[in-house]
């Protein structure tokens, strides 16, 4: 194995300093594994961290990105969960293994890869074995890399917390990475899926993916359409993209005893909505910020058993990281992946 | 039995027309019971309905108020749940027996006594047997009359939905009817209770009732106090009075994976709050609008077994209904009850 | 409408007295609907009630069978849920609308149609409107008649109580009515389904229906096969047919934190099993006895939206009731239905 | 610090070889803490392991016992959760931090202290920091040592899994360690508690501890007494000691939709019971085998906030370990503790 490797990093917050540098191959401790990166999947959050720092205490040089798949190259002497040659994926929030989330009321935990922890835009990473999960057998490396954040967010909202049932009516807002996972997971669970989008062309692609109904967000009143499509029942579950007054519309569209999962990036937005439907329909409104490793392992198993194929809008090469980041602004249909 | 009875009613929305009138004694159908009213408990909602109509399709003459206790005087021939002489309490939302709430996404159900259904400020009422629950054995009539709305709301939020546990940290906002039930039910479940109030004198009374901590809402930062009192853990459950920016403070004060129950009157307020704690702490935010009859029956059983005594600020006579309504505006400590 | 109708009934417990008789058309009360029967689905329980009475306080002449679909012919003046011409299905346990089951610890409720309540092997039935649910739009009358008991039992076990998730591993024992509904519902939820059967031919048919794996119960160790098929994980959910030592095998086959739903007829059997896996894997073992009307309505909606088609082994004519009962003993593949 | 310490150990399965030996003070790794033992609490399981090995792959010399409290003496350089001087308690099943239990269907995990892992009858122990939880502030060392197994088992059954509510009717079988914790936790949650025991004298002590009712198991029919005490409702939750036909009685005594938590030692017993109440009352029957660290931390917090004082029947000195083991056979009232 070479003593050197390449990685993308930056010396300061702001978009200008990002570049490929040569670094010494990382050394592994007793509880760590060395993983050769095969693919990295991007989230809009990665761009925000690079451009604004998001108020996080970043260490420089800072390596961006949180979601990767790779192959184990070497393991520390105390490692028991993985062996060299096995394919793995990273976990977004390494300390959260199962059950309740870490952190407390004053200081919620936001210790993620490509944030407080180092990122994965690197040919090799050396992390504690507990930070990885086994990759699904049925996906290629690029597809597998999309699970740790986008895939798990949708799964955690719909399945782990939402306990979705066959026949439920689900509204998925948009056609980004989390949204398309939401669409696919909901369909795999037997739900009826309504996708909203500002783009008729993306709605067509969502319908081709299995969505039951598409609503043109710019020209249709989506709440009225949900009433019409469900015989006034409303939506049992809404995957709501956080920000602005969207929650108010979701509170109108939700069914009594339904659920609104608020997902999205942390840009200081407010959520707001009217009190009356919140009281009279008594829905659960719950913010979802990715999920724990056990749920990721559940998702990996489900992906293999139900044959779910993540939607990758475009695959980029390692050297094209900047182009991929630029693409994030244009609203990809599903995920963007860097193949190493 | 006399052929006539007295009741409070009004011929139009607005506060001016309310008066005592003589009416024929109601006749009961096969599935109905005739109940002689012993006590009626008031909610702020009763005042809103009288003064604004709350957009409801009221029938006139309109009899106000929803919560009563009484004694069964006669039963229809198909009645199986009650016999003459038994003490009963009314249910706030008669059609909701157990499980999911009635209504749909477009038109949530708000069919309550003293609203879409007739009210109970009447010496006798004749309703279907399903609209009543057995009264607790350990309470007098005035105390029993406080359970159907205020008591059940607190129970539904903390126990039926909230699954409160001993040792949980609960914040109760204010010292109104629901709040004091919340305080008492939370203490009976072994929780640690923090009460907030603008009135130091009411805080003293809340502490005497068993609250562990009182926070002076006007002069203290209650969120910081919750952090301090819980070692930064935050509140596991917050009974949030709907309206304004309160939700934002509650999102700051809540513990990771905690719960915020939004209760309150339906006055067209917005709720709003920051996205970051909603995502990073992933609390459940759930509106609570009273609850079903089975939960009321659970509460009745619990009241008897744990010895809970509802807090009645003042008892009024039948003729003092207007004075009692005026008292509602002054913010009672607990409940106001009309004794017949 | 004719003043007379035909129905199957018997004057005494025991198989000999069953015959078709002419009866006056039933009259409806204010809260009742008159339903013309289109199809009746049989359960093994129907045979037991006829032959043994099952200890129930039956009224004679006794009309057997609990599950029917039909069309509303007339409605009482207080009826609000149905109108003439609408297609409906019966509910198995009429008093149980949602939430907790009726009855108490000493005397569990077993008030079902074709038992304590009258049965449905009758050209017309007149029951309270609350005893019916709307029929699914996507099924014919015979298919719809299979939902109230067999369909709902599987749904209640897997979905309402079991909260099945995509990717879960489900073991379905046998290929009877509940079992095949279990297979179909589990597949619709994205689960991996293992069916066990003594008949290789029935296993083939189960695989054709969508089962992922078949285990020959007589010649294979099904517990070992479950280990092998799941990489030693075990079964997340087992639909266990009550009786004998089957529970012991299920306790061995179940995954940690898994679930065993015990279903079956009430023939006085014991369940038994070893303590060690019950403690160390901490599965939930729960008896399932059909379910409530709200869950039946959920199932009806899901059937329409996921396109589930119940499996009918054979359709009989009204006059062939005895032949259909005899067929029950031979272990049908799915359901037997009488078409009127 | 001395270089030597004393511990109880044995060289072989069987009761005869147990003795105090001098051992070198343990060295700590980077992730480990050195804890000076203050108290060890005994469970009947400890005796079984010593006498039979319970089929476990024990390492010799084998140090018995699983539950201890102590004070941190030194920490490895990577340790973040504890500092020297802090008081801690051990966890019974070290690998299980939160959520689902480890292990799989074929091989359930039973990796506990004083079993597969070393025990704690030792003046000092050196374990990974993750194997400890902070001790409660309100208990002395002996009391704190009773939480990891007996306290957590009762808490996990009643609260974490059982979601006990105020007013629930709870049956606690016996007056052993888990049973008395069950009694105290249930009372702290506002439940009504019925204790059964063969000893009238122990029943008196249980009533003095707060039990609402005592049933003399040898001379009364406890199922009938539960019916009588609950107005035929039955028990919402039964803490069932595993073994023999007890489950059958519990199935009779349980309320519809109630819960039976099966706890106990792993001695190869069968559980058995009749099918009819399992089906018709649909209770959850769940084996409980201690619980995870997060629940232990919840219990610790609750103990401090509700003021729960564990019941210690007798405190022994370090040299009296054999006498304490002998006492286990006589059925202590609550816990036995060795003070160091």
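Quick notes
Every chain is named by a letter (A, B, C and D) in the order it is written, and numbering of its residues begins at 1.
The rule is simple: a residue touches a chain if its C-beta (ideal position, glycine included) is under 8 Å from a C-beta of that chain, and two chains touch if they have at least 3 such contacts.
Please read these numbers as outputs of a predicted model, since none were measured by experiment.
Looking at the partners of chain A and chain B together, the chains they share are C, D.
Taking C-D and B-C together, the pair of chains sharing more C-beta contacts is C-D. Each chain gets a centre from the mean of its Cα atoms; for chain B and chain C, those two points are 40 Å apart. Across the assembly, chain D contributes 100 as residues in contact with two or more other chains.
Here chain C touches chain B in the complex through residues 30-31, 97-100, 292, 294, going by the rule given at the top.
Only residues 159, 163, 165-167, 185, 188-190, 192, 298-299, 301-306 of chain A touch chain C when the two sit together in their complex. Chain B meets chain A in the complex at residues 100-110, 226-227, 230-235, 242-243, 248, 252-258, 262-264, 266-289.
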